[in-house]
Amino acid sequence: MLKVSDLECVRGERSLFKDVNFSIEAGEFMQVNGPNGSGKTSLLRMLCGLSMPAHGEIRWCGNAIRSLDEEYHNSITYLGHLNGVKDNLSALENLRISSALAGNEIDENKAYNALQRMGLGGREILPVKILSQGQRRRVTLARLLVCSTVLWILDEPLVALDSAAVMLVQSILEQHLEKGGMIVMTTHQDINVAAVVTKRLQLN
Amino acid sequence: MFLWVIQRDLLLAMRQRADVLTTLFFFIIVVSLFPLGVGPEINMLRSMAPGVVWVAALLASMLSLERMFSSDYLDGTLEQMLLSPQPLSLLVLGKALAHWLVTGVPLVLIAPILGIQFNLSTDALLILAVSLLLGTPVLSLIGAIGAALTLGLRGGGVLVSLLVLPLYIPVLIFGAGAVEASSAGLVASAHLSLLGAFLLASLVLAPWAAAAALRISIE
Amino acid sequence: MNWASWSDFFAMGGYGFYVWGSFLVSLLCIVGEITLVFNRRRTLLRQLSLIHKATQYEQNNETTS
Amino acid sequence: MAINWFKYSSPASFYSLAGKLTPLFSITAFILFVVGLYISFFVAPTDFQQSEAYRIIFIHVPVAWMSMFLYLIMAGWAAIGLAFNTRLSSMIATAIAPTGAMFTFLALWTGALWGKPMWGAWWVWDARLTSELILLFLYIGFMALQAAIDDPRRADKAGAILALVGVVNIPIIYFSVKWWNTLHQGATVSLTQSPKMATTMLTGMLIMSLACWMYSIALVLMRTRTIILERERHTVWVSELQGAA
Amino acid sequence: MFLWVIQRDLLLAMRQRADVLTTLFFFIIVVSLFPLGVGPEINMLRSMAPGVVWVAALLASMLSLERMFSSDYLDGTLEQMLLSPQPLSLLVLGKALAHWLVTGVPLVLIAPILGIQFNLSTDALLILAVSLLLGTPVLSLIGAIGAALTLGLRGGGVLVSLLVLPLYIPVLIFGAGAVEASSAGLVASAHLSLLGAFLLASLVLAPWAAAAALRISIE
Amino acid sequence: MLKVSDLECVRGERSLFKDVNFSIEAGEFMQVNGPNGSGKTSLLRMLCGLSMPAHGEIRWCGNAIRSLDEEYHNSITYLGHLNGVKDNLSALENLRISSALAGNEIDENKAYNALQRMGLGGREILPVKILSQGQRRRVTLARLLVCSTVLWILDEPLVALDSAAVMLVQSILEQHLEKGGMIVMTTHQDINVAAVVTKRLQLN
């Protein structure tokens, strides 16, 4: 489905990586590894279409993602280093609104359940501002529970999470893969996601 | 979807109930500052009034521009919006509209009362309100372009004013001109219809330009 | 007595608009403020009694089960 | 008889004390208002200069006085709250602000309605008027700041600092505005007031002022009670109160 | 240490060279907008000039207030400052001074040139510069209190103007008053010495109040 | 040296923890554990004096830290969730300025060496804005290499770091302990710091 060929990323005057080739099919899990500053985040942003590769192509179902644009956005969910939650809104509002913006309106009940499952029960209507670092990250991750996209692009989703939450995320990822989803992920922590096919891409 | 954007922005504004009110009070205070700087002579104040009210409206609208995208940018929400399956220009239109509802509409409502402080005639007060009603949405729309261009740059708040103020000037001239004409006993309809034309033009062009600017800023 | 008639009283020597405008708006503000305070208190008390009932209910359940 | 003041500085006991005092002040305020209005409209004679328009004085001057006193009192309580970290005093300060703002608004409103027939303009940029307007801004700033802060303890302290800075500024503002105005133009605008006020007028005004005082006290007590409940809703004594109710 | 704070803020301002310039351009644009809004009569413009220049200076200084602490707050630097072994009020003084150097000084330098646009006399131009020189530091100092109080609040940018503008009024009145007096041929020394007194008073009181406000805001 | 007695933390209306007692002497390492939202960050901020405990006392060398204030600040270094680096300044400038603000002026050479050791060689004069997430964190951590304080209070220092950097931080911590320093730290990741005395505080 997603096919990357000859990708090169140039930052400043340095080429972070070049000749990156891979493809991901339904049910496949890909982990991008590499030390700090090796270009993992840069790669993931290219996969989303947020930045342009210096060279090479990214195709989704055979079409260049640049040409697909909004259609492609319907099939991906990207979670980056930033949480993308509003400090002044509650977890519930944040989840409903960000889902709606991703083209997927959900009702209150569904949102409640997702937050509950992420371990935020009882904190749904507090402003996100007062939550702890890990709790905010959980609000962001709750989006994964309600979205209906196939390709997930996750940039260090495990940061700030405690071990219980890491287990939880792992099981969410596994469920997604079972249903035929695709995941591209980076992390510096240890995680073992059971998948039919696990690919690893080492940068630098 | 478009509605969600507006609704979200209004929600954010309401969450801090003070938010809408503060823009309003900023407007009121700036308008009241001028007599303090200039002195209390009635005639001079009266002839200054349209200009002062319009400049204050411009500043009030401009001041809150920075917030239009930057908080969404800093916390990553804007990234998510760019990845949303809707056309970006629609999103931008939604945000500009929300901005107008929060900052423009209150000004339109309060301006006539402030006009009284300057002893404007009833006719002139009416024209003032109408000109603001037509003009403030243009300010929000043009402002959206500036806000999008300066996104993530340090000193964005001041830079945006630098970019946007020159574009605001036609609105200012015809807006204040309409009121002056009417307080000089002339008809203001020419001025007002020009303002209307600006509004239509910016409704068509601004969202598109701002969306393009956003894409560039976020890369 | 200052006033020959009620209409005299309401006219206030031609200044009725200003005088009554002042006093009536003052009255309105005062009444408005009082209602606001009362409303705030009433909604709060209602909320509190709901919470109280809920906790009572929970406690009862705990002790019985 | 020594009253144990410290006892009443705890919100819980103040709550019940205020509950007892509120009706007292409300009734006094009501009676004084009725008497004051009676004097204003039926006892006080017509002014030979301003005819009946002068009757606005009976509401204008009391509310104008209140607007200034209340700011001082508010700042005082806020300062005590800041210095001694007493929650109750901060709550009282918070409770005073809306009432003060309302009186300030009324002073402006009644003044404007008086100005139109007397000076021919709703508004002139006179020292007293201008500083009253600024006072309104200060009240609104105080309330807006407190409303913008979620954590009540932080809101109290931040509000206190603002109120204190405001208190330092009010006299400066008043005198600067006064000087500003007189430098420009002579006495085109002066309050046309005969030097000797009729005694009935004076008593009317004083009674109305007293009524405003009583009203303010009653209302502030009531609002303080609500604020106490809001902030202490999770304490034991509030739930006991609920249990008793 | 105190010097480090100033140096750091100046460095930050210089890094984005546009930063200093934009405040300046904002000032220039606002002053130039007025003739557009009000109309071109020379006499009226001349008598408006001191007020307009001063109001513009006030707005320019105020606009950049929000940045004084908020970026340090958002990225955690302010926390580190609170934990520094120096008295906080000294740090605040340093930041206010840096703010003045970046926003106040350029205005002082450019204002006489703008005054020429309004046909002010040479004397009046001089007094304008001196009054700004004495007055703008007061604006930065009082502004620091407002900025500290509104730290981290949503809508902070507008809220700060609501809090701070009423407090700016004496400075405005005496600043503009000095220029008016001198262009009316009177001596302006009384006004100027009052401005000086404000400066001293705020130098003593404001850092202390702002430091207290900061501690509250960060808790 | 640091002695905490009967500490209680109240957030909103909930008491996060209470009756927390511990003391830390020279050379001791203390790890604060607990799930997301259990109050670790809140505890650490209290230890710094950034927020006030609802109840209880924190003493440094026998004196309440509130009364010491600036004196106490001379002996601690706190690194929180936020990096405290300026996006527009370079790593070098950031390090020098933040050290100076902490009352410890360092020359360029020393700063260079510290950054070098943190693996930022060659990136010292780039604006921090363009660095990767992990590299920014390294800029923050470089402060530990140049400071001369005794008590380090570290809130999840390992977030976003790759495994090489985790090892590095570990060795820095160990060196500090050997020299008789004290460390209070939280983390959700596994780290084994060799110390004479290792204490663990479990919240919630």
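We call the chains A, B, C, D, E and F, going by the order they appear; numbering starts again at 1 in every chain.
We take it that a contact is a pair of C-beta atoms (placed from the backbone, for glycine too) under 8 Å apart; a residue touches a chain by one contact, two chains touch by 3 or more.
Keep in mind that what you see is a predicted model, and the values were worked out from it rather than measured.
Between chain B and chain D, the least number of touch steps comes to 1. The pair of chains sharing the greatest count of C-beta contacts is B-E. Centroids of chain A and chain F (each the mean of its C-alpha atoms) stand 30 Å apart. For the pair chain A and chain B, the distance between C-alpha centroids works out to 37 Å. Taking each chain's centre as the average of its CA atoms, chain A and chain C sit 53 Å apart.
Among all residues of chain B, those that touch two or more other chains are 12, 15-16, 18, 22, 25, 29, 36, 39, 74, 154.
Of all residues in chain C, none touches two or more other chains.
Among all residues of chain D, those that touch two or more other chains are 137, 140, 144, 148, 177, 180. The touching residues of chain D, counted against chain C in their complex, run 37, 41-42, 44-46, 51-53, 55-56, 59-60, 63, 98-99, 102, 105-106, 109-110, 113-114, 116-117, 215, 219, 222-223, 225-226, 229-230, 233, 238-239, 242-243, 245.
Chain A meets chain B in the complex at residues 48-52, 70-71, 73-74, 76, 78, 80-89, 93, 97-98, 100-103, 105, 127.
Only residues 142, 145, 149-150, 153-155, 159, 162-163, 165-167, 169-170, 173-174, 177, 181, 194, 198, 205, 209, 212-213, 216-217, 219 of chain E touch chain D when the two sit together in their complex.
Residue ranges of chain D in contact with chain E, taken from their complex: 134, 137-138, 140-141, 144-145, 148-149, 154, 157-158, 161-162, 164-166, 168-169, 172-173, 176-177, 179-180, 183.
Of all the residues in chain E, the ones that touch chain F in their complex are 1, 4-5, 7-8, 11-12, 15-16, 71, 74-77, 79-87, 218-219.
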